[in-house]
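The first chain written gets the first letter, and so on, giving A, B, C, D, E and F; residue counts start at 1 in each chain.
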Amino acid sequence: MSKSNVVSHLKQKKINEVLSTGKRMDGRGLEEFRPLVINSGLLAKSEGSAEVWLGKTHLMVGVKVGTGTPFEDTPDEGVLMTNAEFTPIAHPSWEPGPPNEDSIELARVVDRGLRSAEILDTNELNIISGKLVHIVYVDFYILNYDGNLIDACGAGAIAALLKAQKPVYEIKKGEPVLTDKKVPLTIRKKPIPISIVKIGDNFILDPTADEEEVMDVRLTVTLDENGNLCTMQKSGSAGLTMDEIKKCINMAQAKAPEIRAKVVESTQ
Amino acid sequence: MSKSNVVSHLKQKKINEVLSTGKRMDGRGLEEFRPLVINSGLLAKSEGSAEVWLGKTHLMVGVKVGTGTPFEDTPDEGVLMTNAEFTPIAHPSWEPGPPNEDSIELARVVDRGLRSAEILDTNELNIISGKLVHIVYVDFYILNYDGNLIDACGAGAIAALLKAQKPVYEIKKGEPVLTDKKVPLTIRKKPIPISIVKIGDNFILDPTADEEEVMDVRLTVTLDENGNLCTMQKSGSAGLTMDEIKKCINMAQAKAPEIRAKVVESTQ
Amino acid sequence: MSKSNVVSHLKQKKINEVLSTGKRMDGRGLEEFRPLVINSGLLAKSEGSAEVWLGKTHLMVGVKVGTGTPFEDTPDEGVLMTNAEFTPIAHPSWEPGPPNEDSIELARVVDRGLRSAEILDTNELNIISGKLVHIVYVDFYILNYDGNLIDACGAGAIAALLKAQKPVYEIKKGEPVLTDKKVPLTIRKKPIPISIVKIGDNFILDPTADEEEVMDVRLTVTLDENGNLCTMQKSGSAGLTMDEIKKCINMAQAKAPEIRAKVVESTQ
Amino acid sequence: MSKRTSKKKQWTRVDGRAFNQLRDVKIECGVLPNADGSAYIEMGRNKIICGVFGPREMHPKHMAKPNEAVLKCRYHMAPFSVDPRRSPAPSRRDQEITMVMRSALEPAVFLERYPRAGIDVYVEVLQADGGTRCASINAASVALVDAGIPMKDLVSACATGKIDDKVILDLGDYEDKKGQSDLPVAYMPKLDKITLLQMDGIMTTKEVEEAIKLGIEGCKQIYEIQREALKKKYGIDKTKSEETAPQEPVAEEKKEEKQDE
Amino acid sequence: MSKRTSKKKQWTRVDGRAFNQLRDVKIECGVLPNADGSAYIEMGRNKIICGVFGPREMHPKHMAKPNEAVLKCRYHMAPFSVDPRRSPAPSRRDQEITMVMRSALEPAVFLERYPRAGIDVYVEVLQADGGTRCASINAASVALVDAGIPMKDLVSACATGKIDDKVILDLGDYEDKKGQSDLPVAYMPKLDKITLLQMDGIMTTKEVEEAIKLGIEGCKQIYEIQREALKKKYGIDKTKSEETAPQEPVAEEKKEEKQDE
Amino acid sequence: MSKRTSKKKQWTRVDGRAFNQLRDVKIECGVLPNADGSAYIEMGRNKIICGVFGPREMHPKHMAKPNEAVLKCRYHMAPFSVDPRRSPAPSRRDQEITMVMRSALEPAVFLERYPRAGIDVYVEVLQADGGTRCASINAASVALVDAGIPMKDLVSACATGKIDDKVILDLGDYEDKKGQSDLPVAYMPKLDKITLLQMDGIMTTKEVEEAIKLGIEGCKQIYEIQREALKKKYGIDKTKSEETAPQEPVAEEKKEEKQDE
């Protein structure tokens, strides 16, 4: 996302010109999202899943529920693991290989939002204290990149988790026995991340890849259904004033319920 | 094994010219193997071993029998692990480092041949159900590369396994105790891989490094002592017709017993 | 540490000229150490620690005492682990990343000295036979490099270990229970490595980075308080005669008690 | 095994298919806006997506070939594609499939038209249900055409196998695991050439021949589905001929323009 | 949470600090002879050292930018900095902190003055006690000035958080673990801009605003300590003005000489 | 240890050797057709093979030295060389041995004759029986000569050690494990220089001197075996002199031709 070359400079100039008219390159208003489409539960081999389109941004979320040993300091608690993979089909410049800085930030920001909201009851994921717990893996798999991955993945994660089930173990003579039963995971909150991007003097929502390329700064604000903040994350090589931060929080507050409603709707 | 440079192109031309006379660069007939020499059991610190020369191709096979925990879905079964290492002494262009694509294919093709033939009785390798099983490691160590590694390694694997022994455990009060005794592994089949290489219109056996460099396509056929096929693997950037495949299978059928006999002889 | 360029060649010439007068670039005598300052116990979160300055060479030693399973062949013995990290702040040419050859040699030579002297009573580090033992980690962290890391780390290791404590476990019903108590580790010996560097015809102690860059050969001799040798390590691309080796050992014998005294003093 | 004849009549497949019947196959092409070419395939419960990039500058440069393009492939499985979850790091099996996939596709591509270039074929398995390598090749073949790469033929692939001593077509996951043998085939119908052939398990020569022939029949059916997918995107063939494989001149022009940019 | 008001009076922090009181902060600059610039910070029990190298040739070259310097950062923890010992290999958390640290420092640096160059900011955490990212930014900011890099402003950082429904400044390790939320802030006092902002835990909008304001107050105190550290090394400001940030022309001259060597 | 004197008479080694007796040593040179030079050594039950490539273009190029060749070494153990099986990934011990091996060989090679070139010395341990680093150096030294690399001298190596307070030569695996100390030596007999010296365990200065001298005696015996191996391949010395080390002019000519190709 470097601004170093001439093409990018021209792009920046053009985007700024259009923004100054109160519109976007694709005709959207500054706070308008692209169409968000979520299909949940379509992967039969995952315990939960969601396919997300946000404009041309396209990704899969897979939830798998496995087992493992708990951490030493929390012997009664299951574990939530979040991972993002930037596949090489998603963008011509993305190479196959281990996770890069951007995919780590993506997974971390969504993960921190889920954790702050205490979305899962980790005690419910306990099977045998100190020995065996459920591990819930949330994997993001980016298929086509056109900006705003955090918001798209955040929404997809909630959709996939709302449909996710965990297998039921019975304890017989102190040993865990896997049964055929499955029960839904208890989802206690629905935190929704909204990313606000500043380009020149304008603040916009749901940036495209081109807009992210020329952005000055981004602030992601994750909100729960009570309007409380769960996570914030500033990135990009510029600063923000206190007033700008307030503006961003307000923009996120205004948009999150709309996105949350679409997520919930998609799972019904 | 790229054909991209001029030297290689001239080599290809020359090899084709000679093949068209029904002979090879080194005077062999098209279906003739180079001398195959196998010394088995010469590594005192391995549970089984074989040194193989096939012309100037030279390699060691080491069989080690260790212990470990079984896979969850096969708690009563020991494990066979196959690995190939392309050492940097074997060819000027081979660099030290982690396994490359070719060494992975080599190990996989030989491994699949051994598995398809169910060469080991994996239940015999069980020590304590669900807890401790024998793990049989077959390691190929290439010392000098002059083509046809699959056939040479496949033959060497059988020779090394035929001589291999496993340590005997006794179960005392539910705990495994290692004894001084060793007993031979039960070897149920003797699958032999034969690789047929097509260069221009000619099909040859036991290709040298030069011949592999200019080959169009290779088909490896692994056969057991009943004449049944255990594995096939096509590689190389050309296709084969149905008739050509039949021809290859016939060539392999004709040659495998000869190679198998040499392997057995080497272990007696 | 290549001598390949012109700057290095001039440096070598200059250093040799000065050495031929019986002095060093920084005015020291040939067998004179730079000021050695050790602050031990300043890291409150480590079980033992020492900050070492040797002239401008600056490093931290951290001792952490954890737990783990013992090696199969020594079920009653705790484990000593030594590791050196060359941080990128220590020298403009040091890159971040996994340990390189030099940091491995550094850790190995100091580690071998500690082991040869049997500095720790590994049986004392046993908690539950075959199941749980203490693991003592000694980590060297180089903050500024100006030569003679082995001697500086070796001295720092002793200082850090002399102050190190291990947590006490009680065994209740066969299970280990961590108590609040901590007791000092038993330190049985105080091995001190002394590195002698040969430049041209001169043998010097405590080389700077510049001197190491132009050195012909280095011999490190580790000595215990009885004047016995615990480890030797020759490195560098020249040879040594028997007489030269004797001379080196004598130089080390003469210097080690002085360094050991400073180490002990720093911990009181 | 002695029950073979007696059981023949009542023998049925777990999903009720005939021995020579494919699972449902659905192919869609042009599904990835950022790729030069792409295709999505569902074959049974397999869900696989393929993106093609190129011809473009070879990376790393020293791997480029002076007289032809390099076809780089990568077969990769999503962590949630199988049960239990798998690590995203490539396994030895993944690397082997990458190799055979490349070897199955290379014979169909006019690589010599793009010296020094690289063509990247990336396959991502979103859900695995047996026969992923064949499904991947089917998607990749369509994606290559979609990318405008000139092709000698389409490559169509499906597996055959032996269960209860019977040779059957296109094993699903459940059949795969209890099967006696597995024999994946890739085939270029116009050129009548087999470009992928692997086999595991025990088979007689006769069974192998039977299985390959059955596989070729399956490939021919898939070939039609691949053509339909391309027709759906690119419209009815101008030539009204049987050929749905790429119109090479057009494809080449498209590419040349691209390179002039 | 209903106890908030009733408990307010007797509420105290574990170390007796007022809600808006920083831990003891000690900064020393120029501590690494081999680095172009460096600083050591103690902030509570945090012990962190930072070395800056550059502007120098960018490595690897292809990552250089034609119109500005690249600010490369690395946040790294010593194995013995935490309990229990950690592996020296970087974790995902380390990589995330590396990113936000770079993003916190970049706005303060005149990167455009050194096209094609690289500036390396390496942070090594010797002992961790909560708030390491903020302490690291404080040290890095001073080390950049010490290296003679022209800066628009110093960057000062500290965290605020919520414990027992009360917003407090600069959480120590113990508070960090039992806190309800954590909100690190980095701030450029002269330019009045926030360059790092993260938050975890549940907070109302009002609490967030309160926390950011409290964080800014903390940053302003740290700013003075940073200035003192620089004054101590470089002597009293000739200008006698409030400005302790680098005198840019001087710093640039120093750099240019350096590059002429 | 008080039993030292009393036990002296009946003291014997586990394999019946005298205290100053080498294990059986067998060296064969020119065993690898694809290498420029090679040697195979059996020393006790050690089975080690060494291949030398070069002088050739240095790879990677930026590691080349403008005024001499770089001697790259690699000590590597086969997974089946020890009990239990080991991972093929290099351990820290392997990397340390790689370093000391290079440092033992460098003094014997005319590196300055091949500026910018690389010489690769690859050692593969097929079976390990104590003293592998010494056996590796012995093989490498012969392989370097076999590759036509001009040498100042051969390097011969063997270990000495202390068992039951007695200094003995060339410890085997079993002795190695129960020994009190281990002292490997590499030595250039013509130049009378020690090029490898390591020691572990407790020894007095007197014992160390005794051990080094004993090691030198062992090295001299090995030197003869190395010369024999070279004679066997290259025929009797034309000079009939003591020298079996490479005839440098010849070797150089050979190399120069090679580089002209």
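We take it that a contact is a pair of C-beta atoms (placed from the backbone, for glycine too) under 8 Å apart; a residue touches a chain by one contact, two chains touch by 3 or more.
Remember, it's a predicted structure, so these values are computed and weren't measured experimentally.
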Those chains which touch chain D and also touch chain C: none
Furthest chain, CA centroid comparison against chain D: C
Chain whose mean Cα position lies farthest from chain A: F
Between chain B and chain E, centroid-to-centroid distance (C-alpha), Å: 59
Inter-chain centre distance, chain A versus chain D - centres from mean C-alpha coordinates, in Å: 33
Where chain D and chain F are represented by their mean Cα positions, the distance between them in whole Å: 53
Multi-partner residues of chain D (at least 2 other chains): none
Contact graph of the chains (line, ring, star, complete, other): ring
Neighbour-by-neighbour ring order, given that chain A leads and chain D comes next: A, D, B, F, C, E
Chain C residues touching chain E - in the complex, by the definition given at the top: 43-46, 49, 56, 58, 60, 62-64, 66, 83, 85, 87-92, 96, 98, 137, 139, 141, 143-146
Chain B partner contacts - residues on chain D that touch it in the complex: 65-68, 92-93, 95-96, 98-100, 103, 106-107, 181, 183, 188, 191-205, 208-209, 212-213, 216
Contact footprint of chain B on chain F as seen in their complex: 32-36, 38, 45, 47, 49-51, 53, 56, 74, 76, 78-85, 88-89, 120, 122, 124, 126-129
Of chain C, residues touching chain F in the complex: 2, 4-5, 99, 101, 104-105, 107-108, 112, 115-117, 219, 224, 227-242, 245-246, 249, 253
